[in-house]
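Take a look at the structures listed below.
Below are two complexes that have subunit A in common, paired first with subunit B and then with subunit C.
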Partner chain A sequence: MKKPVFYLLSSLLFLLPALMLAVKSFTPVWKWGEPLSFDWTLRGWEVFLMDSRIYEALLLSILIALTVTFLNLFVGILAGKALSHSDFKGKGLLETFLLLPLFIPTMAAALGLHITMIRLGLANQWLGVVIVHLVPTIPYTIKVMKAGYDRVGSGIIEQAKVLGGGSFHVFRSIELPLLMPSVRSAVFLTVTISMSQYVLTAVIGGGNVITLPIIYYPFLQSVNDTVMAAFSIAFALLPVIAVAVVELLSKLLTYKGTLVNRGVT
Partner chain B sequence: MKKSFFLTQSILILALAGCTGQPPASNSSEQTEQQTWEEIRQTAAGETVRMYMWGGDEGINQYMDEWVKPRLKEEYDVTLERIPLNTNEIIQKLETEKRAGQQDGTIDLIWMNGENFKRAKESSLLHGPFTEQIPNYQSYYDTESLDFTYDFGTETEGFEAPWGKVQFVFHYDSSKISNPPSTLEELQKWTRENPGKFTYPAAGDFTGDAFIRHVLYGKASSLEQLLDEPFSMNLIEEESEDVWRYLNEMEPDLWRSGETYPSSLTELDRLYSQGEIWMTMGYNEARAEVLVEDGIFPETTESFILEEPGSIGNTHFLSIPFNSPNKEAAMAAIDFMLAPDAQSAKLSPEYWGENTPIDLTALSSEQKEPFEKIDRGKTVLDQQTLNDAFLPEIDAAYVPWLQEKWIDEVASQ
Partner chain C sequence: MKWHLNKRTTALLVPAFFFLLLVLYSLVMSFVESVKGPNGWTLSYYRDLFLEERLYASFGYSLSITLISTALSIVIGWALIRSFHTLIENSLGKWILWIPMLFPHFVWGYFVLLLLGQSGVLSSFLYSIGLLESRNQFPVIVQDKEGLGIIITYLWKEIPFVVLMLLPVYAQLPKQYGEVIHVLGGTKRDYFKTIEWPWVQPVLVEVFLIVTAFIFTAYEVPALLGVQYPQMTAVLAYDWFYGISWDERSYAFALLFMISIVMSLFALLSFLLLNRRRWLISKSQHQR
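Let's look at the complex of A and B:
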């Protein structure tokens, strides 16, 4: 009973619009009330590929997003574990403090950060852009990973330690496999946020770092729906690619035949 | 112990942005004023010019990448790199670099006008004056013209060179309208007879603001005074009363009875392309051409202007930032883009289709020929009509004032 409803709703609310977008990227602008016509056109994709820097921008966007993601996971897993499994004075305060970057308007943050980046010699460099993308992403990752550790609980980790497992061994064989759902959400969030930063990238990267949004955003003011649809699809595919890369890497990092694979979750 | 180390580490990374380092050593900005054009050309050769400009129009991008870039390389041995960035972000970047004392910037050339120029000039973000040294500007442009010496009421003083000019026009679907209105009164009458088929973007949008200015020009009792004198609160309070009356009278006959307004020109264009409304509008008298060609606007789209009050136009310019590392190359690029052949290629609907600020009377008949041969397309009004209706911009300070007042007087009534 539940399954058909799920499939119906998901195809109606998710698949259909996504499919419409794909069709739209290949068809000319359609006027409301006109009979449906399917004159296929490659115009939308032509405009998308017209800028010769689009491939470079794609690669650079992925590189930046992935670097941001790994820094995020590194910080997020450590901080999440500490916030979840230990108690200390001022924990609540610290948790709130870590969320603060989300409440500062991007433009205000970009201004102050730009001066600092110029002084550090990181302005107009991709590394500077990576560091700046940490600001709107790390708070989310810490939250997500804390929730992950809350769910796993400290019992199973302590058990493994009692049995003589080293910290890193325990992390690879127990924590990481059990945390994978949280890692996936964190990766998806981070990559999507990093890839949609226009203002931060524009100001800190200063036009030296041309990522996809730098080329893509000005076209948002276009009335040409075909072009918009093509850009949107290309844009939506990137996080999927990035998640696939992270998935692959985590497969390499975790032991084969862990608890999860034996059916214990 | 270990746990607190983890925490400190994560905080450290977040706080990294707060660290301070030593400002990089600054080179002194080179002087171009004393150099002759021959010296400038020699220094420019082999250099790269990084031009930062808004990048949301494929026609403009193509003109830069396919027409300007290869020819500039050939003629001046200067490599052009086009960086797509919104003008607001460009100015922001320069302001911060100025504050941080960064003398070796990354931007060599910017494209802007109006409020952005005012902001840049007031914060001394620009290099110059340099226009006196640009040979093509001196020979082919009317350097005394008020269009070039003032930019939205701000004196240019040689800090920017005119690159193009646009005029405000209305577009309509000629299959639905046979006689477009030609005065504000006729527009009001037309709206009454065709309720729901006209609207304009809300104030705050570039185009919406311009529409309101047209009404102001038409209703003002002393337009001369508005145009010639700097911002005056008393004057505009008095002059704008009829503007709000006119717009409010019109409101019930607008699209969705004026309960809501399109928030941007894109939305207005979309309504027009869907046939919901029968008119749209905008700066750049040639902008409909490419939209018709792409099948977004109906093929029967044509243009009109209001003979009364006229059609507001403005010029847009090229400038060099104070910390451009290749000022000579930037000047060479500006000279190239102001040349008659670059201007006539820009006018051609094949790329951009935008009007030229060049003084046609200063050209030889051979140079003039390509300009006269260009067919700008059937959606574009002829030059004589546009010239006759031309109106200059008022002081940039009136724009935000009108925006705020529109919200009080029209939107929330």
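Let's look at the complex of A and C:
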């Protein structure tokens, strides 16, 4: 009884909207009052992929999102390990402080950094946008990575150290493979959040850093729902692609012949 | 147990410290900008800010939208996970709930507009089957004065967020304690009081704070689905920041700084009150 209710409810509320956008991206513009037309067309995707402005924005958004992601993983993995595997005075307070950026308006951070960015020459630059995108993402990544290290435990790492493994070697062969589920979640969250930033990008990018949201946002009222739907679906595909890229990179970084390959995990 | 930060741990935390410095610095700069007048430091912008009618309209409007959206998201999300957590734990259920998380808030806002706007798909559909005579008969639920469209968008996005935040807690609830209670003749109420609530409460508080802070100060959705007046806080701050006069620019900083301080204190206090219990739970987790 529970099962059908759950799947019906969740499909109706969460799967159907995505499907509707997907279908919409392949059907002509629906004019009000006319029956919905299902003459399949690639027009929406053509406009989306052929427009050089959109194409450049797509590349820039990916560049920004991936840079933000790697900085996130760097900060998050180190801090997550420290918070999970060691105990020190004030740890609880530090953890709380690291969550605090989630409770302040991100706009306060963006506007506060604006003048400094201008002075440092980072305003209107993609790197400046990367820095401000760190504010709403890093707290999540630290949280996710700490939970990851909690799950892995310190025993297996100490064991490897006792057996004479160097820190980086242990990281590549043991920590990273075991942390992959957390890394995936962190990448997913970070890329999605980075792709969702209109106002932070607009303020710091100053109309010079054209990412996808900067193009998408003013067109939201547009009548061409076919192009808009294709655009919308693209937003959802990017985090999925990003996870795939990171997966690939971690495969390259992971020491060959690890636990995973032997099927121990 | 080490009670002082050793070198190794400190080294691991250095990047995180830099991040905190960045955020702190941005707040300090917001404050500096809010007290910098043409003739030196002044607190007059804060005083004048409270004379602005737009501020009160914005606060009332933002607060009601935020509290309604947050409360409903948490109640519905919590109810969902309580009834279905075994189903959500398997991968298919989890993937369905991840779908809305994939889309940025403004994309979901666009979808709500496309579906529920006066010229939207639903209204068009109702017209074509003869239930409406013109699009004006379709109720204004998006870009309306009450912010209904904003609330719908937020509910749609935040309910899955609440569920996914609570999921690990429900997956880890110590089920054997439930058996103990059952054997000793306890009721479902006892189970809730002694096991479920202590585990869930810290996460509920955290989710409540995150969602409240986010909705109260987010720009994208209300800028898209709101009206000219009243405006939610972020939209007002944005307008002021790019406003013509210097005063308005200072108002933007003062407004955002005030919200930052209030929200941080609120969050800090909640966590301090919760921390002790959370510490006890983490200890008991280690011993299992």
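Details
The criterion applied here is as follows: the second predicted complex is superposed on the first by the 218 of 265 C-alpha atoms of A that agree within 3 Å, B and C clash if a C-alpha of one lies under 4 Å from a C-alpha of the other, contacts with A are read in each partner's own complex, and residues count from 1 in each chain.
Following the convention adopted for this analysis, a contact is a pair of C-beta atoms (placed from the backbone, for glycine too) under 8 Å apart; a residue touches a chain by one contact, two chains touch by 3 or more.
None of these values were measured; they are calculated from a predicted model.
Of the two partner chains, both subunit B and subunit C are touched by A:82. Taking subunit A as the reference chain, the count of touched residues is higher for C when subunit B and subunit C are set side by side. Legend: residue contacts after superposition of the two complexes on their common chain; A:142 is shown touching both subunit B and subunit C.
In the superposition on chain A, contact of A:11 is made with subunit C only, not with subunit B. In the superposition on chain A, A:134 contacts both subunit B and subunit C.
Once the two complexes are laid over each other on the shared chain, residue contacts for A:2 go to subunit C alone; subunit B is not touched.
By the touch criterion defined above, A:181 reaches neither subunit B nor subunit C. Judged by the touch definition given at the top, the superposed model places A:101 against both subunit B and subunit C. In the overlay built on the shared chain, the residue A:199 is in contact with subunit B and with subunit C. After overlaying the two complexes on the shared chain, residue contacts for A:111 are found with subunit B and with subunit C alike. Comparing which residues of subunit A touch subunit B with which touch subunit C, the overlap comprises 31-33, 75, 78-79, 81-82, 86, 88, 94, 98, 101, 110-113, 115-116, 131, 134-135, 138, 142, 199, 203, 217, 220. For subunit B in complex with subunit A, the residues that touch the partner chain are 3-4, 6-7, 9-11, 13-14, 16-24, 50, 52, 54-58, 61-62, 65, 83-86, 89, 92-93, 96-97, 99-100, 102, 106-107, 264-266, 269-270, 273-276, 291, 294-296. Subunit A meets subunit B in the complex at residues 28-29, 31-33, 43, 47, 50-52, 71, 75-76, 78-79, 81-82, 85-86, 88, 94, 98, 101, 110-121, 123-124, 131-132, 134-135, 138, 142, 199, 202-203, 206-208, 210, 214-215, 217-224. Within the complex, the subunit C residues that touch subunit A are 1-6, 8-9, 12-16, 19-20, 22-23, 25-30, 33, 83-84, 87-88, 93, 96-97, 99-111, 113-115, 119, 121, 123-125, 127-128, 135, 156, 160, 168, 206, 209-210, 213-214, 216-217, 219-220, 223-224, 233-234, 237-238, 241, 252-253, 256-257, 259-260, 263-264, 266-268, 271-272, 275, 278-279. Only residues 2-3, 6-7, 10-11, 13-15, 17-18, 20-21, 24, 30-36, 74-75, 78-79, 81-82, 86-89, 92, 94, 96-113, 115-116, 131, 134-135, 138, 142, 147, 192, 195-196, 198-199, 203, 213, 216-217, 220, 225, 228-229, 232, 235-236, 239-240 of subunit A touch subunit C when the two sit together in their complex.
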